[in-house]
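After this come two complexes, each holding chain A, first together with chain B and then together with chain C.
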Partner chain A sequence: MIIDDNLESTSTQSNIKLPVNLTQEDIEKKVLDLVRLAISSSVTDIPLKREEIKKKVIKDNMRIFPIVFEEAQKILRDTYCMELVEYPARGSTILSINQSNILNSQQQLQQGDAQTIQASQTNSSQVSLKKVSSKKYSTNSYILRNLIPGNLRKGLIFNKEDYQLHGLLIIILCLIYANGNRVKEEIIYKYLEKFGLYKNIKHETFEDVEKHIIQFTQKGYLEKEKTPIPNSEEVTYSYKWGPRALVEFPEKNLLNFIKGFYEKEEQEQIVKELIRSRGIN
Partner chain B sequence: MDERNEDIDIKELNNLYSQTEESNRKVRMKYRSLIEDLKDVSSTDMLIEKIATGNELYKKVNRTQEATLDSQFLLKSAELGAKQAESIKLAGENFDIEDWINKLLTTMGGRQDIDIKQENGETVNLKSLHWEAIGIKAEPFFDVVPKINNMIGPLSTEQKERKTIIRHARENKNSVNLKKPQELRKEDIKEQENETTKNVVQICEILYKVGRIGLFEFIINPESFSQTIENIFYLSFLIHDGKALLDEEDGELILDKADPPDEEDYSHGIKKKQYVLELDYDTWKDIINVYNIKKSMIPTRPKVQTNNAKWYS
Partner chain C sequence: MDSSQNRNYLNSLFIQAFMAKKILSIEETKTLYSKICDACEVIYSDNSFENFMKEIHNTLIKIDFDIKRIQSKSDGHFFYIWINLINDDFTQLSTQYTQNEIVIFKRILELIMENYSENYQLSSTDAIREISKLKYSFTKKDIEALLKRFQKDRWIMEKEGKYSLDIRSIAELSEYIKKNILNEDELIECPICLDYIFSNVERCSNPDCDYYLHTYCLAIKFGKNSYSKRCPKCKELWDIDENIISGEIEDEDNY
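And then the complex of A and B:
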């Protein structure tokens, strides 16, 4: 009975019954474990797998996963200003992510304050893009997204080298975006030449550009795609937005970023043009 | 009313099923070439045309087998359509990338007085671009989390795998009995002599010495079953090359030397034949008894030592 009372007072997930052998303390410990695991996972740039959460945090009873997950999310949001987001599946597009975000926010509006959404459903709220994103299979992995308001971030995230690398990365992502989210490899390098970056020529700041592009791909910012040439044995490669870019650089942010380069009166037109260029991807 | 309708249905059905296999085959053929054609489709109009052809063709389909091809065609053309749709530039003005790149270069301090690159009469200094200027601008929009540098205490959830430890211990326990794999050096490896060729030649010499002889008396080695089998194997090469012949006399198999055919004989159509006859252990014993074989005609070859230290390449 005491357990039940605790649950009522500390959280709203009372619709999920705790397994008898677990106390509220057990749950709280698991919640903290998950927070630690999530934060430490961000170091490696490898998405945190649900399986790993199961093995290292939940251990046996996966029924408590939604409770632990949602409680951990609260701590991550309130204390660390970040949250876990499901890593988008291969083939997700900017458009499909947008749609799922819209659906999610509608869900939240309907249910009022996000805090009161019941755990069984919030397992989804910010988290599972999968339900709505065109029935793509779930990756069952998560990455952290920063929730610190943009204007308060200065110097918090990047050091000098990070600034340079993210400068390069954001330019590449924007160029791909403006080309309908698919750009042939050689075209990317054509663009980069305008910035004095050449494949196979050592650059003052970046040394080997190709190395960085490979790294962006490995980290999930870019996705390299093979395109066979019709009636030929050869293939060409194209770059698209990778899953991590979809999470860390939402379209809304991209539009605001590019908008900033233009005069106030031009901005509305620029945003329209950008969305048009993105097409249906 | 109902009955009449049913009549018509049955008629239609019969009509459908009366189509011969041949027309079905034609339909399948057309579908396959249609699917093949999709590879060469380069424009939307061409795709629409192909789909129209497919629709027309579907009217002739009345069995699952052909319908499967139709769905294959549908899938392929839909994929193609989706690809084409992706590359559609929506009507209206598109984002001017060049213009934006110029703005980026300005932000990065790319327009200073040093002439590195002349472009449209403008001077752009590409060497000393301040990439971090873009990064600073990007920071508010990049929702990446800060990387932590340290954390108090280890991740308590991390557990070492015990399995490996156990296995390690067991290996140590038995280490006395463990045999180190032999190290090979170049001089340990001895060129392997070609045993077969050597033995075939030897057997040939013996046969030529003894002349016409019963097959079993020649090949059976009463001391060793395995060498008997080997003898049969070597003998088969003599037969193959025409150096020996196998004859039959009063129901006995007789072996004799022969003149091998020359090139000309072969060109006249003589075919090389080789056959190893089957001999099991019991038969071998029986033969020794029946023919009362005491001594092997072909000397017993020394046993090859299998556990010696020689290695063959």
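And then the complex of A and C:
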């Protein structure tokens, strides 16, 4: 019902002329195809490429891409509480991504009924979408961001192993964050030793820690960076936040998490220092 | 946010949570639903569950997915299973498997279904040998680990060293099997439930008779209240494994 209503209301509002050989029905079908593709991509964890949308959904006429994309976004937001966001390019920083996130969360905090919230989300992500697409280096791919508040999702979505891995990932992201978003590989492992995780020793829960770090990197949660050592053939590796982490882990939540490790009176100071150190990069 | 807003997340939260799990028993599905009701501050009731599942179904079929209720043909238990309704893009199954792993699965599926004479079962040694022939750089250990994952995700099951299709394959791939693997004259219909038989195959104990049905359907037919233990086709006494009929029988009227 909701889907149909939306399609109708927008089809009358839409000012863009459809190419003559395409009917409103064709468009609606493509919209649903894109929703289907997006939902599938959320299962596989692989970013959805614009090229793939073209090949599987749009097919002939890329001029209709913006209409189809926005209509699909509406359904994704209203029915599935998810939205497509552009996958950040390698080397994006927490700072640059956060500007659009902060915009988002401020608007989410506004009082009002659900409709206003939905609408404001729509606006803000359109803003961020425009911002990203006008940037020079576009990845031309998208991932889904969940719009359901974390406190509602708690205990419902993951199984136990996922939770444990999620915990490990958050610890690593916090370590990187607190060190100005770049940490040498060996330093990460040194930190992890404090949690009882050793590089070549089988851990009770996680078994091979290195394997998980490789997977986090493959999935785009971490980004591995090569730095040559001057006057030498050797290189060092460091880790940064990966593009997926930038989308999925709002800075505000992370700060709250780190804050929890400190005494009440220290918390404000810690958050200030963290934000300052993040700013360096 | 007040509770009237949380309520708006009910359906999407359920869909997201179910997508992460892909298969849940009826009881687990109800538990999930009641937890989500709690989180969204909606009052839970058993009656609302059925309607709720219908609503979810109506939402998902628009994008050719579904959450279907399926009965296991081995013990009669009911499950809800996330299903992709478009079978043609088998190779793009929305799963966490890689392309190579999906090709391997497809091969396993073919091998199992070609083993008509073995009641749609494939020995694990044959499975590993055939997969090795695909020339991927999978070691025997890798293959075993992959087969374990297929089992954990309920695509195949293993019993006494033999693989057969598990409930998720039955739920999602029956159409694919009918269209792409078996010929029409190879399909066997179960005379009890009228579904095709792709797993949990029982054959009349008389070697000259070709009467087939599902394990669970056999348990129903020759269960405690049955007055005859004879095969409906050859009329011989059917030598039934007592374990099959002594198992818990799910009461169909329960749901």
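Heads up, the rule we're going with is that the second predicted complex is superposed on the first by the 223 of 281 C-alpha atoms of A that agree within 3 Å, B and C clash if a C-alpha of one lies under 4 Å from a C-alpha of the other, contacts with A are read in each partner's own complex, and residues count from 1 in each chain.
Just so it is clear, contacts are C-beta pairs under 8 Å (C-beta built on N, C-alpha and C of every residue); 3 or more make two chains touch, one makes a residue touch a chain.
Predicted, not measured: the structure shown is a model, and the values here were computed from it.
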Just chain B (first), just chain C (second), both, or neither: which does A:F195 touch? first
After superposition on the shared chain, which partner residues are touched by A:A178: those of chain B (first), chain C (second), both, or neither? first
After the superposition on A, what does A:Y163 contact: first (chain B), second (chain C), both or neither? first
Which partner, once the models are overlaid, touches more of chain A's residues, chain C or chain B? B
Once the structures are superposed on A, label A:T217 by its partner contacts, choosing first (chain B), second (chain C), both or neither. neither
In the overlaid three-chain picture, which partner chain does A:G260 touch, first (chain B) or second (chain C), both, or neither? first
Look at A:S277 in the shared chain and tell me whether it touches chain B only, chain C only, both, or neither; answer first, second, both or neither. first
Per the contact definition in the header, classify A:T79: touching chain B only (first), chain C only (second), both, or neither. second
Just to be sure I read the superposition right, which of the two partners does A:Q24 touch: chain B = first, chain C = second, or both, or neither? neither
May I ask you to decide whether A:L144 touches chain B, chain C, both, or neither, giving the answer as first, second, both or neither? first
Once the two structures are superposed, pull the chain A residues common to the chain B and chain C interfaces. 33, 36, 39-40, 42-43, 82, 146, 153-154, 156-158, 162
For the chain A and chain C complex, residues of the former touching the latter: 3, 32-33, 35-36, 39-45, 79-82, 113-114, 117, 146, 148-149, 152-159, 162
The residues of chain A that touch chain B in their complex are 33, 36-37, 39-40, 42-43, 56-57, 82, 144-147, 150-151, 153-154, 156-158, 160, 162-168, 170-171, 174-175, 178-182, 191, 194-196, 204-206, 230-231, 247-250, 253-254, 256-258, 260-262, 270, 272-274, 276-277, 279-281
Quick one: which bits of chain B touch chain A in the complex? Just the residue numbers, please. 39-40, 42, 85-90, 92-97, 100-101, 103-105, 107-108, 116-117, 126-129, 131-148, 151, 155-158
Could you please specify the touching residues of chain C with respect to chain A in the complex? 1, 4-6, 8-9, 11-13, 15-17, 19-21, 32, 35-36, 39-40, 59, 62-65, 92, 94-96
